[in-house]
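I'd like to ask some things about the structure below.
Chain IDs A, B and C follow the sequence of writing; residue 1 opens each chain.
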Amino acid sequence: MSETPHQTGRYFEHFALGDVIEHAVPRTLGQGDASLYQALYGARNPLFCAQPFAVALGLADIPLDNWLVFHIVFGKSVPDISRHAVANLGYAQGRFLAPVYAGDTLSAASHIIGLRQNKSGESGLVMVETTGTNQRGEAVLNYTRWVMVKKQHRQAASSDAVPDTVWPQPAPVIAADALPLPQADFSAWDIKATGSPLLFDDYETGMKIAHGDGTTLEESEHMLATRLYQNNAAVHFDAHLQSQSRFGKRLIYGGHMISHAAAMAFNGLANLAGYAALNGGTHVAPCFAGDTLYGWSEVLEKAALPGRDDVGALRLRHVLVKNQTPQEGQFALKKDVDAAKQDYADNVVLDLDVWAYMARRRNA
Amino acid sequence: MSETPHQTGRYFEHFALGDVIEHAVPRTLGQGDASLYQALYGARNPLFCAQPFAVALGLADIPLDNWLVFHIVFGKSVPDISRHAVANLGYAQGRFLAPVYAGDTLSAASHIIGLRQNKSGESGLVMVETTGTNQRGEAVLNYTRWVMVKKQHRQAASSDAVPDTVWPQPAPVIAADALPLPQADFSAWDIKATGSPLLFDDYETGMKIAHGDGTTLEESEHMLATRLYQNNAAVHFDAHLQSQSRFGKRLIYGGHMISHAAAMAFNGLANLAGYAALNGGTHVAPCFAGDTLYGWSEVLEKAALPGRDDVGALRLRHVLVKNQTPQEGQFALKKDVDAAKQDYADNVVLDLDVWAYMARRRNA
Amino acid sequence: MSETPHQTGRYFEHFALGDVIEHAVPRTLGQGDASLYQALYGARNPLFCAQPFAVALGLADIPLDNWLVFHIVFGKSVPDISRHAVANLGYAQGRFLAPVYAGDTLSAASHIIGLRQNKSGESGLVMVETTGTNQRGEAVLNYTRWVMVKKQHRQAASSDAVPDTVWPQPAPVIAADALPLPQADFSAWDIKATGSPLLFDDYETGMKIAHGDGTTLEESEHMLATRLYQNNAAVHFDAHLQSQSRFGKRLIYGGHMISHAAAMAFNGLANLAGYAALNGGTHVAPCFAGDTLYGWSEVLEKAALPGRDDVGALRLRHVLVKNQTPQEGQFALKKDVDAAKQDYADNVVLDLDVWAYMARRRNA
């Protein structure tokens, strides 16, 4: 038996500050990906499913859903960045920079911008800025994330080989005037296509919106999704391996929950017209097949966009809870008002902070 | 905490006779929807899966399956018509008016043509005529259905606010000379593509045809399908909610069964070339994941089509039974010959009355 | 009740040596099929998912995965050849002759080249050479397989009606100089797109390569796949029927495992650029939902291709084991070194012998 060549992924000691890792496997997205995404999450926003509607806003075609684009870019980074990750700790400074259409080919690269070995010597934190680009080299998505990655060899924190700690503090929220401006012209936004009269002008900071219907997670669905994104993290697919883990079963890719949260938001935020930015997000607790997800959102901030009277931006918190409706849970996010940042209420599984576009009322 | 804007769906008192409700969310169908539909039901009719075959009949491209079109149109009506439905009671006068191709965008509207409050004061019957149209405004599908819808507020049947009862009696069968004529020219129909020599001329009224293979229903599959159709009825998706229901589990969308019935019919009716009309249908009993469906059909009527010697119409009853083959159940439809209309034999879950096209033998 | 016309499939006595059976149902493959295939198996080879990458090699578009093409062709043959098969016994002389693109329409025909009734009189062996062709009549795939098929009526081996035994012995391996040459020009193969520097030149005969991640099989997924291929063998779909079988549950289509094996091979064989040939294959044991598959490969042979310094061919054995990693199983294929051909090690479920293309290092 000879040596086995094998892709093994990077451990903490394989990351060097300043490195740019060009991730493997460019991927051409097609209309079939849009159909599958539709079947997986049931989104109902006309901007992402009706060509005449998208063209009426001045776009070339139906854009692909923001989170499909996110997962495709994220998936490319998994083998290089988070194959040996213990935890996906946070996101920041995510910007959706340009629409992606069926036929576009996405590539991704990550810049290593932070490193910090843990005192245990068994793992370390890695912060990357990941950029997705299309076949013309235009950036379509950019975001920062940080993960805790295992070390291949345990090593005292005092060792010479430990990298200097460099740990940026990305701003927790993208300022409204730093948001990308949408290419679409929202003056043609037609509320008949969504069935809801509620526009940017009708939402106020502090509003909490229950999104109604729950959806129960299935093994087949999260695996179909995660393979569609070419995300090959073994924890999502391998029940034999996971039977030995502390959960005893397959974990569902966190991004699968983000997509459910966004699709659910149509009930109550029907005129939300795509996402501008991902300020941050916490996967509070793991989800498993059989869990039922419910969503609610809070309006955190409203902002005009420079030079645009057709569209504004809503900063939203999308929350997912499992096995309990928002009403049953009284919209609780944290255990109590003064709770520490991590001290989430029971059943909360996702806390996502985003900026979304919404058409403004014309000649009100 | 402020008011929550939220789409809540219509209760019985929100319907007014004569209203036309334009349903939300136009949807462009793509080739990916056809592939998913293929994967969900396994249909094998060459007209719907082979471009050269469809083009040889004079069509512009492969048409999308009739029932995919039906479910897309039906799904649009769910939030407006049947979100608070207790039961989907019947269909009538359904006509498939024009082929739909990948790239077409479907919209739907429903005309309220019947209202009848129930004596309990807790619900009422609503009859609608729903029309699906393409991006050129051409009607592609038209059908009548009636549902029982909850009232938001209980109210005596004698109250002033109760609407006058108006309840049309649609004819139970569409007359053969009122069927839409197919656009395809069936003189080029090639039985080598189906593997069956049996054409219109070979079927006789009264024939019963077992469709052979059974298929077992899965949670993932019916949910993928129902989300593909943007049908958001919570009973199909929410196991947490349904655990409190009388069935204790998720119900499968009735249309999912119709599609299985139609796909199964290839065994025995391989040259069936799409549907002309839906005369009526009864979802006799609910289906759940784990149930195995078997199908059989009965030829109810044969009809020539005016001016067409290339194609005829077969009126068929498609029956689905669960967890029992047609042979095991002796093709029983009703409990006994004199049984009342609703008194179906055990295990029957669907009784569908349709008109379908089939090529005629040339110069026999 | 009248006679029921019905497709029943061929029993052993319905096959005649020399017959060519043109299988039913041509099928146009689309980009949606590629997306579904992606979601089902998670393949990551850029040749099959990135248009600019494929075009840079001189191809017209992204080719469809070899095994998708194989399953589509195989599926067409099921109703005619193996509907009453007791076992799918072997493959030989499989050649992938031309790329298939989205938009192409595949048809298939089988030539009966071998017949041998079993002594029991209850079944017989049938060997066919099946060819898949595109809409221009060009052969895209050709392979031999043999199956054991039930007889409709039991009949002594001495009966006059028993066909003469004719049983070809196809060569177990296709010689390297008889391999089809790839249309793609691999001199533009870019290893950045795969993330692996290992090319043809880096592999040596005898190497064993573990493919890492396992994947757990699900009922929904194998049924979606098998219906996508229009393979209607009842054992894959009908839990009611199978509850009476010796396994008590649905069997998974063997081709579903082949596709998982090929997709898994990216870990360790990332620059494998499609398959040239299928020398042979054994489905050693059935697989069921819940089983977790792991893959490993052995390099059996290396070959230059005539007139081509851009690409070589690797003969590989792809092995799948279930519920045990290759490391746990010590890469065992047979029970012991001297074991008989059929005496596989526990947990082995697939033993596939293929030729694959891989780019050669340029100006090394």
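The working rule: a contact is a pair of C-beta atoms (placed from the backbone, for glycine too) under 8 Å apart; a residue touches a chain by one contact, two chains touch by 3 or more.
Quick caveat, the model's predicted, so the values are computed rather than measured.
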Chain contact topology (line, ring, star, complete or other): complete
Relative orientation of copies subunit A and subunit C, as a Cα rotation angle in degrees, nearest 5: 120
Interface residue overlap between copies subunit A and subunit B, same or different (over half shared): different
Averaged-CA centre spacing for the pair subunit B and subunit A, given as whole angstrom: 37
For subunit B, residues that touch 2 or more chains besides their own: 30-33, 35-36, 218-220
Residue ranges of subunit C touching subunit B (in the complex, touch as defined): 1-7, 22-28, 30-33, 35-36, 79-80, 103, 105, 135, 218-220, 223-228, 230, 232, 234, 237-241, 250
Touching residues (chain side subunit A, partner subunit B) in the complex: 30-36, 38-42, 44-46, 49-53, 62, 192-196, 198, 202-204, 206-210, 212-216, 218-221, 267-268, 270, 290, 292, 294, 323-325, 331
